[in-house]
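My structure is below; once you've seen it, I'll send some questions.
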Amino acid sequence: MYRHIVQYYETDKMGITHHSNYVRWMEEARVDFLEKKGWPFARLEEEGIISPVLSVASSYKKPSKFSDKVDIEVSVAEFSGVKLKLVYKMFIGETLICEGESSHCFVNEKGIPIRLKKEFPDFYSMLEEELNK
Amino acid sequence: MYRHIVQYYETDKMGITHHSNYVRWMEEARVDFLEKKGWPFARLEEEGIISPVLSVASSYKKPSKFSDKVDIEVSVAEFSGVKLKLVYKMFIGETLICEGESSHCFVNEKGIPIRLKKEFPDFYSMLEEELNK
Amino acid sequence: MYRHIVQYYETDKMGITHHSNYVRWMEEARVDFLEKKGWPFARLEEEGIISPVLSVASSYKKPSKFSDKVDIEVSVAEFSGVKLKLVYKMFIGETLICEGESSHCFVNEKGIPIRLKKEFPDFYSMLEEELNK
Amino acid sequence: MYRHIVQYYETDKMGITHHSNYVRWMEEARVDFLEKKGWPFARLEEEGIISPVLSVASSYKKPSKFSDKVDIEVSVAEFSGVKLKLVYKMFIGETLICEGESSHCFVNEKGIPIRLKKEFPDFYSMLEEELNK
């Protein structure tokens, strides 16, 4: 679980969190998830693994407000070795406020797709294990 | 067509536009679209029509870079009188770089759903006309 | 001390944190400071104390990068009962990376200046005590 | 004069533009100013001139609101060949709403200070001419 506390500058004139920020929190939670699994961004970068965002989606159930504590759960929904789909569930307390997803591919520094299973078997195994959870 | 010029502060360490900004540009284009159709935000507000975002999605085809001129086309994909779905196509020159969508409902200041056909027939007609384009 | 971890979306194409974000971190640290002193935003709001930002300034000593842990120290530099000036020192480890300041006044919900000493003596005393530290 | 239209996502729960955005608008206006003077960012980059922000300051006179048209005037306040200080005046119509300033130095891609007068006499002359306006 990753916790984001809603900042004042994330609110808008409706008095609630502006919807674009949830996409940023998904990134925060994704970075935290990978770090907890032993793959902090610095390691990915050193190994030369770049993971562009192919798509995002976000579905808003309830608003959040300034200073709310938002807990974000990340899980692997699809993983083929070439593409990865993560899903996000965001809660305030027990209440689901937002569901999101993001799709990613993996390329090297030249922009060429990486075959994770062959080139980075440890990273591949971690993601496959998460998929099967 | 709405034009957004990519700002320096919208780029990230990959050297390209951070993906979260496209969701903000969808809002910019939506505001512009409604204004051009005779329904600037100020008028919606005066009439007491609030239109929360229910969901957004964004699919990235090509990156954009600082100072790129991004042209955004908005169209009505679904409209029932209760819910509205807009789709967005973003171009640099002729090249499609991003497709997006957003879903909205309509509520009054008390948060109660508005039946547009009955209560705001002009607004309803405009959206239905756009749907049938 | 308030800690902000630099987010990916806060970086720019130079590969470092975009300078505008430090102004946001000053707000984060200010909110945290007031909370720790017993005046969380919710309490200020309940009491009807609004504290607009009159000015900000930020001086950059060293860049910060994605995932850096930035520790922010807030202190009261000037306080007259009518105006408040806070200063901020931001560190990565022992290294000072940024100095900032913000000025504020205090108004009620009608926008009329509040005389803190008379109307909110507890809040006044806390700020004066911090000034004399 | 550079014009920025206030976006919905730039507002905060006070119903006005969040103060951090003015620092971003200063960057927008600066980029536009340099482009109009014949030095678009792309040219600076090609020539290998990097211009980090050393400090910013912003003083708020009046709030701005969603959809306000903010006109920003940039001028050179100090220029020594080594350091540059720009000042910004922001208006809604005739009303001054914000004054800002930013300081910059000039370095090459290795981070070594550039002596503009010697190495980039055209850029130097343009800035000196602006200073004497």
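Of note:
The chains carry the letters A, B, C and D, assigned in the order they are written, with residues numbered from 1 in each.
Note that in this section a contact is a pair of C-beta atoms (placed from the backbone, for glycine too) under 8 Å apart; a residue touches a chain by one contact, two chains touch by 3 or more.
The structure displayed is predicted, hence computed values, not measured ones.
The interface with the greater number of C-beta contacts, when C-D is set against A-C, is C-D. Distances between chain centres, each the mean of the C-alpha atoms, put C farthest from subunit B. Averaged C-alpha coordinates give centres for subunit A and subunit D that are 34 Å from one another. If you average the CA atoms of subunit A and of subunit C, the two centres end up 29 Å from each other.
Subunit C and subunit D have centres, each the mean of its CA atoms, that are 24 Å apart. Shared interface positions of subunit D, i.e. residues touching 2 or more other chains, are given as 8-9, 20, 24, 27, 66.
Of all the residues in subunit B, the ones that touch subunit C in their complex are 8-9, 11-13, 15-16, 18, 20, 65-66. Contacts from subunit D toward subunit C in the complex involve residues 14, 19-21, 23-24, 27, 50, 52-60. Remark: subunit A residues 7-9, 24, 27-28, 31, 40-42, 66-67 touch subunit C in the complex.
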